[in-house]
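A short worksheet on the structure shown next.
Labels run A, B, C, D, E and F following the written order; every chain starts at residue 1.
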């Protein structure tokens, strides 16, 4: 029958290209990494990304179909779900900015305010970003890889160890690499407990790892309220291109710390960020089509991203070592690695490696300072890139 | 920009970027320190607010219930005597 | 005074056409059916639909006004609330898909996995859809009604007993009938406890109704996680046109069952589905204008929709009878009626009719299998229609 | 270096105009008024407005940049965050309408239903709106100010003491004044406890203030359900131009009072209204640019807005005095001031001034009637304006 | 509209607007009163619903509470011995 | 499609649609059964997870707690006598 033939021609079995099949398997693999108790790699993002990956590679399902508009502006056939999500939330930058607001509303700057010097560790760890960017540019010049300067920058930002920043920058500078970059960023953030410790141990002596730090002072409510405003004003004066990311971050934090809009802060931390996370993940997945993901670039991105994490970690630790030598109060070099961000995983890693060296050594709160400084640092780096290429 | 090699551009962006990051965060160190000093000078916190009720009962333990509970405890103690 | 005359000309009393007045009364009637303790017909949808019905029929209120854009693309006057809601969420299919995600996150496939054969009951009950479609086509050929093939299909889908599927298909195939179809679908879902029992009793013997079923086996967490993935892959391979509906359903269910993204699952089941439900209802109501609702078509839709429910119920029960005869383990034919979906109402009806025949006969969990199978079945039927007409 | 010069040219310090700097300071001042324990002026709106003010005045941050679309309709560079928020939610009127729905779901019409005469107090207090409008028109004719009729109307609506109504009307009639109008409206609503008491005391004798009112009767659930429907139908018949605002208000209230859609009502009162509040505030802030805010108009708006509050308060009190003289049951004139809306602040002020005169005099519930009547009254006034200018 | 002075227009809108507001709300007074009478005549409420359970326990049983509870039970048992 | 009568089209879509629905769900029966077998062979659940806390207290003040509470109160009173 005619309609039976149509159906067969519509079916996935008939239409499926090998690349799509491979990407559906990649999607299932990501699901496995997100869900299996042994991995659970940042499931909040990786699960929706994986589902989006499967969706966009189903031939004929039209998840990323463009809308058909007739001459009068009427919709003949609507676009696919992922098309709307990508164009409304990722191309516009809205989703990463809303995530940043929510993360701001969950962030406690207390440890950072008690020891503002640790901001410098958050600065140093950004060498992961720029070193990798330089590496990608150099390897392209050497003919080994083939990236543009914009692509190199978008890959470097993986080293910021901050998912929304990576997505924000990649969607602006290199949307064709967005899928691979986001997957690399979130996967390596989940792998921080495996990536960082060897580097931290290689760069520090046992004596250094045993260093106990003096207890952090209490930070007043007023300081916590004024800090995000100061940061926002500083961004406005010095680096406006970083203002969207850091502005929303400060806004979220101000909602939390001011204590006068608890219901807004609550919603920013829960319902709103959850909804946006679902859509952000699906939208990122929509960029995981076979032609964009199954190529040498993805492999290079995975390698360079890993490198970025390692370099950032090393730079943070070395900076902390240097600061320990110059500072009057002792600074355990292990907290330097937390400067890459990956909040709060990296701070926990610092704490754990510290405890291994000295069971009395609780570094968690000390590492939270550089940890949130790393978020600021990579947002500043993002601002530099936007200004450079804008 | 079309003239310079990618590696030169990369080097420039690296030096320039790390420079900006360090300058910005160093300024933030000073601004933060200055701000903290001002706050603690002009608006020292009377006492570290304990705010135990709020911390302990972030959402949903309603005062009604606590009332019921403490009443029950009181009654219990009264009977115990 | 001039402005007084203007005001009078702007007033509802001056502008109101009789059709609009009638539709406002229809809206109030729907409110009554949604709210009154004796009815409470699916109030979550019917209440917003009713309010949307009133809104769109207020002359001069502009709830469905199109926007006025000048030659430079600037908005001279914005559109009405319902215009935005309809075009953003219903025309695009976004709202039904998000509802499906939320429903997926609330669904427990456990009973189905314990007894997968009951999927066939969910298949049989879809005869309500296709039988009604055939009926509408035949009656049109006979000159009694006047529907296109697309309209006949959209009417048939009422028999799927699944609100979002009905809205999704109607908005694609016959948006002009959307209001009547949605109202019929939700009303009959609410009437399941009155529609189904007579049919169930007429088609079964008392002995059959007394059949006790063996207790369902425990289903492991791994099975529950893998099932939505399997279903998604099967849809991708066989029937991609059903992938949007079933994909979002599986996504929601996976969020729930994986247990690694509880905060997303929570939001999908609560804040997000609630927001979308409000808007979906209002948007459906926007199609309840006098010219689209007050005509013979609506009457035919109500009749055919009722027929679809009856036929679906009967087909499910007969299938269950047949399976009982062929199966080694006993199958109570009463669980067949639950195959129409209308989750969980239809399963409760199976249980109740079973208890009437045998007070020891608890069929609820056994009927939940065909009940959720019915959701899958009608989504498959929807996919067939999209493929047929697409 | 070249890029260093670029960065300097991109920096806020280089680009900042004096007006922008002034507006950032205004933003910080608004933050202070929103957060400081001595003020806490309507922080739910004022805090996001303040942040939006800072955002939009950061030179080069592009928060309000228009999108760049190429000839094929592809997005070359996306718009800024505040651009999307303003055009999607404020220009369209969606955000104020959703806020109204949420407020409706939080409103208890019980006290009003127990004493429907108090609706007239809500009518009288709207003289603040129209008196101010007339004042602005007269002062423009006198050459002192320079407003159009539309602008005069938008300024008058501040006297409605209802934030979303003010924003809804200002965005339609005078978007260029939106920032100043919204700030004035929310600030004066917060200042009600300081603005109203002197006027209330000046217009009443001590004896009048001591009047105790008879206890309100119990209102049945059915009345509470039917009231919003009646109001909606009355609006439909008499003043359709007020239907969007009052319709959404009634819809929200009906969701609450019907008791059959508690999950929707909950979401309307919490997640949804909170999300919209964040965006509404930011969007209003986007209109706080130096050229629109730093001029004589803003000063006049602040003066006229204050006048509107005072006139509305006085009109309410005088109406209550008159009603007390004509009514059989005693009416304390102090409840008249609550007719301006500013729910529930104005009702609390009535209660407090009453208690000052007579420690046994609890007016709170009696004042809640005129208080919610004031919301209806200003929405009706808004409808008149839309009809007049539409 | 272009002919008349702003003050005349303002006066018109003022009188007209206040008129509509009063007419509308006065009608609402009557409609509401009429509705209430009808309701209380044809559907008088049997009894004011107390619904205490729902009011007392708004959302979530929090762990804190369970801790307090179990501690109380333990203490109780200890004293009982 | 324009040639055939509506009733013929309806018949075709009916047969075709029911066919696809049955084929799809039948395949799902097999896939599900196969999947379950695989899972129970290679990843048998160590023990049926009871997870009573989560199941019992999904939202709201759960009945379980109220039961515990009232039981405690009863016990308390009983011992008191």
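Operating definition for what follows: contacts are C-beta pairs under 8 Å (C-beta built on N, C-alpha and C of every residue); 3 or more make two chains touch, one makes a residue touch a chain.
Values in this document were obtained by computation on a predicted structure and should not be read as measured data.
**Q** What's the farthest chain from chain F if centres are computed as the mean of the Cα atoms?
**A** Between chain F and the rest, the longest centre separation is with D.
**Q** Based on CA centres, what chain would you say lies at the far end from chain A?
**A** E
**Q** So which has more C-beta pairs touching, A-B or C-E?
**A** A-B
**Q** Distance between chain D and chain E based on Cα centroids, please, to the nearest Å.
**A** About 19 Å, centre to centre.
**Q** Suppose each chain is reduced to the average of its Cα coordinates; what separation in Å results between chain E and chain F?
**A** Chain centroid spacing, chain E to chain F, equals 38 Å.
**Q** What's the distance between the Cα centroids of chain A and chain E, rounded to whole Å?
**A** 44
**Q** Of all residues in chain F, which are in touch with two or more distinct other chains?
**A** 13, 16, 20, 76 - these are the residues of chain F that touch more than one other chain.
**Q** For chain C, which residues are shared contacts with two or more other chains?
**A** 3, 7, 238-239, 271, 384, 388
**Q** Considering the complex alone, what residue numbers of chain C touch chain D?
**A** These residues of chain C touch chain D: 3, 6-7, 10-13, 15-16, 24, 28, 31, 34-35, 40, 43-44, 47-48, 51, 54-55, 57-63, 75, 78-81, 84, 270-271, 274-275, 277-278.
**Q** Within their complex, state which residues of chain A touch chain D.
**A** 87, 91-94, 97, 101, 225, 229, 232-233, 235-241, 243-244, 247-248, 251, 254-255, 258, 260-261, 263-264, 266-268, 270-272, 384, 387-388, 390
**Q** In the complex of these two chains, what residues of chain F are touching chain A?
**A** Interface residues on the chain F side: 12-13, 16, 20.
**Q** If you look only at chain D, which of its residues touch chain E in the complex?
**A** Those in contact with chain E are residues 112-113, 116-117, 119-120, 122-123, 126-127, 129-131, 133-138, 140-141, 149, 152-153, 218-223, 226-227, 230-231, 234, 238-239, 373, 376-377, 380-381, 384-385, 388.
**Q** In their shared complex, at which residues does chain F touch chain C?
**A** Going by the criterion above, the answer is residues 5-7, 9-11, 13-14, 16-18, 20-22, 24-29, 31-33, 35-36, 39-40, 43-45, 48-49.
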